[in-house]
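In order of appearance the chains are A, B and C, and numbering begins at 1 in each one.
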Amino acid sequence: MLLPAGTNPNAWRANSPVVHERCRVGAGQHETYTLAVSIPLLLTLVDAGVRLGSTTVLRNLSLELAQGEVLGIEGPNGAGKSTLLRVCATLLPLDTGSGTVFDAHLGSPGAQSVRPEIGLLAHQPALYEELTLRENLSFYGRLLGRRPGRVDELLDGVGLSAAADRRADQTSQGMQRRVDLARLLLIEPRLLLLDEPHAGLDSAAEKLIAAVVADVLGRRGAAIIVAHDTSRLADLTTRRLRLERGGLT
Amino acid sequence: MTFWRAAGVIMRKDLMVEGRSGEVLWITIPFGLIALFLIPLALPLDNPLLQRIAGPMYWVILLLFGMTIALRRSAVGTTPQREALRMLGIDPAARFTGRVLATTLLSLAFALVLAPATVVLFDANLPTSWPLLLPIVMAVTLGLGIVGTVAAELTRGLRTRTALAPLLVAPLAAPLLVAAAQATESLSRGDSILLPALIIAFTVLGLAVIGVLTAGPLEETQ
Amino acid sequence: MKTRYVLSLLALAALGYGLYLSGQHPPDAVQGEYVRIINVHVPASWVAFLAFGGTLLGSLGWLATRRRRFDAFAAASAEVGVLFTALSLLSGMIWGQVTWGIAWDWGDARMASTALMFFIYLGYMGLRRGMPDETERAKRSAVIGVLGFLTVPLSYFSVNLFRSLHQTQSVRPDGWQIESGEIVTSMLINVAAYTLVYLVFVTWRTSQGMVPADTGVGSDLAGDAVVAPSLGGRDE
């Protein structure tokens, strides 16, 4: 929508990003209008705080993630990056503050219903050691109701067709990470949460991360990538923040 | 994904994992058999005594060693595995049910191997109506599966898990043990097994209801 | 605080009076002087089951409301319950040994179900140990508190079934009646006294359980404990 000149766009919008544009209106006349574009927010956190035992992990943390954004969050060891991701995934409740994911309030029963829209890549892969790579993906595929052929397509896509029948405990960390990324593609999420996605991946496989992110963005989603150093992700991220002492800067 | 379909997929996965690890086949079953073997070794040579205690010993071994099936490592799962299932939006009760069904089938296999071994080692006289014991065995293994799965969930992540979980299971499974032993005794006397069967059924039903109702709260953890 | 003091004084007075009556009433026609153990065994058994019920109510209350007070009450009730269950079992075994020559009567459904309850309490308390997270501890304890309560009456019925079908196995004479009204009065006074003691202990332990694990002020902040390492690479 167009706002008349002089309108404070920040007063108008509560949460949506605003794009300012200077438009030509009428022949020979120039007027300045503000073009306000409402971009849906997929995730919001307002003064969020999390304590684990007697330790405050996150405090007064506010965050917004709009559709189409790829947010990089970096920080030192123990800063709470993984905890933040788990809060965003609705796996960890907030002790203070509030938040929403896909408009569902964190901590409400509705928050659990949006979990299938979220893809979380944790430090350790969610694979069953005794099962083969194909069996692992097929298990998740069955739960998701995906067609059987999709599993082989994904294994091929992540470069593991030849190792598909190898047990997970007989594969390297990098291979397991690739399969875990394939699992995310199987889920087809709209919110992607990646915790140190580069860990264990060789340079050839790093482009997989870009592929997964692109897949989510193509579904009008967004992503948060957490890493010690997000400069490696400069091409991927649209915004970078630093998490330190429980808060974002 | 319907409740029972999800439970079926999880049960199938658990059975596949167990099939590959072989913990029940190569460790639990031999362990139970050797326990069954040690009892007559410790008793004086007295065949009538052995025949008399065959039934109760069978149920005790099934309880004590069968509970380890529910507490096996692969049944609990790692944190990333559990979180991945939570993120898929699978009903915790369906996940619980799938685990219970897998554990029950494995326990049933254990029970079916143990039965002929008991008959042979204790020179037990099988009553002519022994097929009536089959539904009793199935119900008891289901009850054990439920209690064991709940205990495994309660002790997840605790350092004392190995000792604490059996401590929780044993007294909770006591009604099953007593009623099953009574059913065996009644059958050998030619009496009705209706009352013990009802106690077992009621116990299993109560455990199932509580297990399913608490599956959700127990799963929502840090 | 004042209520607790008054309750404690009442409990002490009741215990004292109960002890006095235990020594004063006449011996039983069947059991002689050994009947006085009834003034410990029956009240202890009553409190043991009362405490178990308290743990059940506290567990259900926490599951429904997530309020700390219910968890603190359930745990306090379980702790007191362990004490009185042990006392019930011990006094029962002594009574059985001196009266009927056998410490443990497998035909007695009450003793068997009390023993099972004791083990469930131990499991309950074992579960709470080594779980620093309050919510997790409360949640898991609540589940075992409810589950345990289901199985105790079922165990009682199962063992009773055995006893009814194998009457000769029970060593206690069926249909034994307390003939003296004074013994009954003494027993009931002791039941009331033990109940007051239960209430005193439980209220005290519940209030202790309500003390927060930490005040939050000055609590650790994640990441503060991690600084840049002092060990570096080779000197240039």
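Simple rule for what comes next: contacts are C-beta pairs under 8 Å (C-beta built on N, C-alpha and C of every residue); 3 or more make two chains touch, one makes a residue touch a chain.
As the structure is a prediction and not an experimental result, all values here were calculated from the model.
**Student:** Name the most central chain, where centre means the mean of Cα atoms.
**Tutor:** Of all chains shown, the one whose C-alpha centroid lies nearest the global centroid is B.
**Student:** Which chain has its C-alpha centre farthest away from the C-alpha centre of subunit C?
**Tutor:** A
**Student:** Need the CA-centroid distance for the pair subunit B / subunit C, whole Å please.
**Tutor:** 29
**Student:** For subunit A and subunit B, let me know how many angstrom lie between their CA-based centres, rounded off.
**Tutor:** Here subunit A and subunit B have centroids separated by 42 Å.
**Student:** How far is the middle of subunit A from the middle of subunit C, if each middle is the mean of its Cα atoms, in Å?
**Tutor:** Those two chain centres are 50 Å apart.
**Student:** Give the residues of subunit B touching no fewer than two other chains, as numbers and ranges.
**Tutor:** 222, in rising order.
**Student:** Residues of subunit C touching 2+ other chains?
**Tutor:** In subunit C, 133 touch at least two other chains.
**Student:** Out of subunit A, which residues touch more than one other chain, so two or more?
**Tutor:** 52
**Student:** Mind pulling up the subunit C residues that touch subunit B in the complex?
**Tutor:** Answer in residue numbers: 63, 116-117, 119-120, 122-123, 126-127, 129-131, 133, 135-136, 139-140, 143-144, 146-148, 150-151, 154-155, 157-159, 161-162, 165.
**Student:** Touching subunit C in the complex: which residues of subunit B?
**Tutor:** 147, 150, 154-155, 158-160, 164, 167-168, 170-175, 178-179, 182, 185-186, 191, 195-196, 199, 202-203, 206-207, 210, 214, 217-218, 221-222
**Student:** Mind listing the subunit A positions that touch subunit B in their complex?
**Tutor:** 52, 89, 91-92, 112-113, 115-116, 118-120, 122-128, 130-131, 135, 139-140, 142-145, 167, 183, 187
**Student:** Note which residues of subunit B are touching subunit A in the complex, please.
**Tutor:** 1, 6, 9-10, 13, 16-17, 20-21, 74, 78-81, 83-90, 222
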